[in-house]
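Both complexes below contain chain A, partnered by chain B and then by chain C.
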Partner chain A sequence: MKVVTGVVGNDIHVVANRLIEISLKERGFTVFNLGVNTYLEEFLDAIVETDADVLLISSLNGEAEGWCRDLQILKKQYTFRKDVVFMIGGNLGVGEMDPDALVPKFKNYGFDLVFHQVDLNVGLDTLENYLKAHA
Partner chain B sequence: MSLLQREREIITQNEYVDHFDFEEIEAFVKSASKELFISHRFKTSDAMQVQPRGGFPTYEKVFRLYEEFKEAGVDVLPLTIDSNTRLNDYATAKKMLALSEENDVDMLNGYPLINHGYRTTRKMITHFDTPVSLRHGTPDARLLVEMALASGIFEIEGGPITYLLPYSKNFPLDKAFLYWKYVEKVCALYSTFNEPINRESFGPLSATLQPPAIVIVIQLVEMLLSLEEGVKSFSVSFSQTGSMIQDVVTANVIKKLARHYADMFGHHDADIHLVYHQWMGAFPYNKEYSDALITASTVIAAMVGADKIITKTRNEAFGIPTKEANARAVASVKYTLGMLKGLPAVSDEEEEENLTSMVNEIMEAVLNDGADTLWRKVFNAIKKGHIDIPFSPHVINANEVITIRDPQENIRILERGKLPISDRSFAFERSKIRLNEGERVVDKIIKDIGIMQ
Partner chain C sequence: MSAPNRKLLFDIGSTYFKMAENGTIRHYFRDFNRPIFDDLMEKCGDTIAKYRPEEIQICSSANGGLSTLIIGLSNSFSLKYAINIAFNSGINIIDTVLYHDIDTAKPPVEMIDVVIVVGGIDGVGRIFDDRLFDFLQDCAYQNIVYVGSADERGYLSEKLEKLVVLDNIITDKLKINEGALKTYLTDLYQADIMGKEDIKHLYEITANQIYSTPYIVNRALSHISDRLDVADPFIVIDIGGATTDIHYSSDLVNDNIVGEGGYDRLVFKKLGVYKSRESLIHTARQNEFVYELLNYLNVTENILEEESEAATKVLMQLAIFLVLYKVSRHHSDYVELKLENLNSIVLTGGITKVLNQEESETIIRFFYKKLLHFHQIPGIVLDKNYEIWTYGMQEFTNEEATKELS
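So, the complex of A and B:
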């Protein structure tokens, strides 16, 4: 399984990004890590280039919404497999947010799996179960 | 006119800069008070110098911060520069400074030195008549350093590697080397006017499980790149690792090897100093625990024989500290240091030997590169992964080295990536690591990053 990952927007927080890469590798995924400070177009380009199964976007500085709200529009401009799983996780809002409101919001933007302030391993376990269920 | 002077005239002509009067600046530095030079302080005092961090947008707030620090008994004042100036975006800095001045709210996370200019800033620096250290994080610091020196700021932190790999994703590394070469040349020139300008490298790097061998190699190469341009006073630095014995071992090895490599390259007349950063990782939210951490770290600084300590505050976990909290930390560190005179030397010979071997092995690979100049050799070493910093956001960094803590909390190399360390040194590192049955490395890393929380 191939995963493209990275931190979206003008966010330079690298520690979690590296931990995500290490965790994915330990779970047997092939990882294409675009690193911090990555724009949505670059993520979609990478899905096409690598023929990835999963896109895992992370964000810490809380500005992810502004960078991801056009995902649906952008998806239409690209041709890749229909079964690519779109996942986002981290700290998805500035200040204290209601996770019950955030999750549906990001699902509307075109994400299949959304994790706001959820433990990394819980998120990745959910991803693996999701992939098994949709295999 | 020399090539350097021609370059300087171009760099200092900018719509955000008032006329740069090189003759007047030279006359100012020649007659400047010795008290402004930390290099002079190092020569004349044995006491560990205490320096906090700090900077505000407006002149008035920095002035009041300095007053507070002086009352707390500070030895060296900081001037931290805002993030826009660090990225050479003087237009945004100007706008945000105006907003900060009008509304009494801080719209910048530091002092926009270019916008204030050297004529204004110099008034403050000479008023306090205390050494000031420039703290920034700027890959292209040419104008900033010109402005700092003209203001009477005679210690410049940073370097082409330590201000780039931890702070930037894709600023070109070769450009950073050349821009810092300019900085070194200007610092060397000013060093001939009065007391030497002190250059300081930034050893904490990404402040996340940094292995001492890599920290030391980077300190050594930045020192050599500075000395080869004629700088005469240089501080190597590192931050608290989380293991007291590893701090002691690191300090002993870095002191020994800095002198060794400086002499090897013929820089016998260079003064080398050691700076210790209090814990640079995530702080606890409990302020009493933060106080305990700061006190323990002060004890370690005394044990390692640091020439200067850079302090943290009990507000660290909550954001930029108030001037009162910042000054309180300075007073408390000074108080603790008063109890720590004449400590006996301790170390671990086996650990020192292994760390020395790893540093020498990496240095040998760096220096054996076929390139014709030192900066190109170092540039190639980073491209090849011979120098590889854990948790760097920069695209050129190899990101193959993985480190975790051993049962004594020493940071150990678990995966060496392309680090040119010998099998023997690597086996020593690996032999100290204990992973519990079924424990995943990534979970151990997460735990090891957060040991102070």
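So, the complex of A and C:
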């Protein structure tokens, strides 16, 4: 299975990004890591170029809300050759916000799996189960 | 008997011949009523006669450059990488089609020198289909090259006559791989020169490959700081008669492209001050800052209609401003340079004959103050002798430059 990953927006949390890459590889995924400071369009372009199965976006500084809200619109501009799983995790909100509202909000943006302040391994276990269920 | 390192260098431009001999550079304005070769021999024939063909090296932009149509799978990888390689190979005219939009894309009206098709890392298949062939049927082109996923090579080769297949320019890690396509395009440039009646006779005086001038300038960039007072990161703005080129340190771009040379090139094909004068004025008039700029220079819009030395100076200043504007964050296009990080701006080409240091600083200071809100500006270096291209030529050994010319 191929996964495109990276940190969205003006976010330079490179250590977390590297940990995600290592963890994915440990689980047998082929990883295309776009690194930090990545635009949403670059993620989708990478899916097209690699024929990836999963997009895993991480965000630590809480900017994802602004950067990812156009995902649904953007998806319509692409033709993917398979059903791609869209996943996001990390620290998805900052300041005054309702943590319980974050997951539905990001699902509404177009993500299949959303993890706010959830342990990385829990998130990846969930991803693997999701992939098995939808195989 | 000739000395081993003797070299006579020529840059055959659209407006001037430049000849470099023993560190001395002479410029000759072209006689447009005569073929290039005849004009060159009349002006420089005595000097040329003193050298063997192996000792003469030529770069040229006088054939107008090659036109390219790039069809790619995505903006961030296929198209961006192919554009980068094409510009760095000296290609001037580039049109692009995003494969997703190929159904609605309009085929180019003019004959294309080379079509580049690219998409996918190796291992990815089922990328291209009949839509590609339908589109290409409506295009007039002379060459076509495929530099995408290895899995599509057989299918495309079956369907497209004369398809040249080269290494994928996208690596398995989604990085750029420029080698094979760059060589192909520079060789194509040479073949183009050899086929152009006006220029092909240049091979009568040299035994070496004739490279495109922008390619040579790009090769010179890593040597600039050895000879001029330039600090990295820097840009080189080459404002010529027909086009304006900008060469920049890759460090100035927040980008996924990490090429081999460390310096990239961008071309503005309609921002020259001689052959492209009208389009330069048109572009200037559409710029939101131009009237403020003219006021800052103490001139009125009427000067754009004049044919005078003062008007040429203003046009040159406008060209500098427009180039900086087009690579700034105010104009998100192919690249956005971190101009606030610049240490040096090198001005070369015809501009150094027209503008002095103060006039160049004036316009760059306006740009930095008005658009970036900076009071400090980068160091400005005028390549007054127009010698940067010679650094790139001297980098070649005779063995490297000489190719079998069939």
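In this section, the second predicted complex is superposed on the first by the 131 of 135 C-alpha atoms of A that agree within 3 Å, B and C clash if a C-alpha of one lies under 4 Å from a C-alpha of the other, contacts with A are read in each partner's own complex, and residues count from 1 in each chain.
Just so we're on the same page, contacts are C-beta pairs under 8 Å (C-beta built on N, C-alpha and C of every residue); 3 or more make two chains touch, one makes a residue touch a chain.
None of these values were measured; they are calculated from a predicted model.
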{"item": "Touched partner set for A:77, first chain B, second chain C, both or neither", "value": "second"}
{"item": "Touching partner for A:111 - first (chain B), second (chain C), both, neither", "value": "neither"}
{"item": "Which of chain B and chain C A:67 touches, first, second, both or neither", "value": "neither"}
{"item": "Which of chain B and chain C A:50 touches, first, second, both or neither", "value": "second"}
{"item": "Contacts of A:121 with chain B and chain C, given as first, second, both or neither", "value": "first"}
{"item": "Partner chain(s) touched by A:36 [first = chain B, second = chain C, both, neither]", "value": "first"}
{"item": "First, second, both or neither for A:19, with chain B first and chain C second", "value": "first"}
{"item": "Residues of chain A at both interfaces, chain B in one complex, chain C in the other", "value": "37"}
{"item": "Complex interface listing, chain C residues touching chain A", "value": "73-78, 100, 119-121, 123-124, 126, 170, 173-174, 254, 256"}
{"item": "Residues of chain B that touch chain A when the two form their complex", "value": "167-170, 206, 208, 390-393, 395, 399, 402, 440-443, 445-446, 449"}
{"item": "Residue ranges of chain A touching chain B (in the complex, touch as defined)", "value": "12, 14-15, 17-19, 22-23, 26, 35-37, 120-121"}
{"item": "Of all residues in chain A, those that touch chain C in their complex", "value": "32, 34, 37, 39, 41-42, 44-46, 48-51, 77-79, 81"}
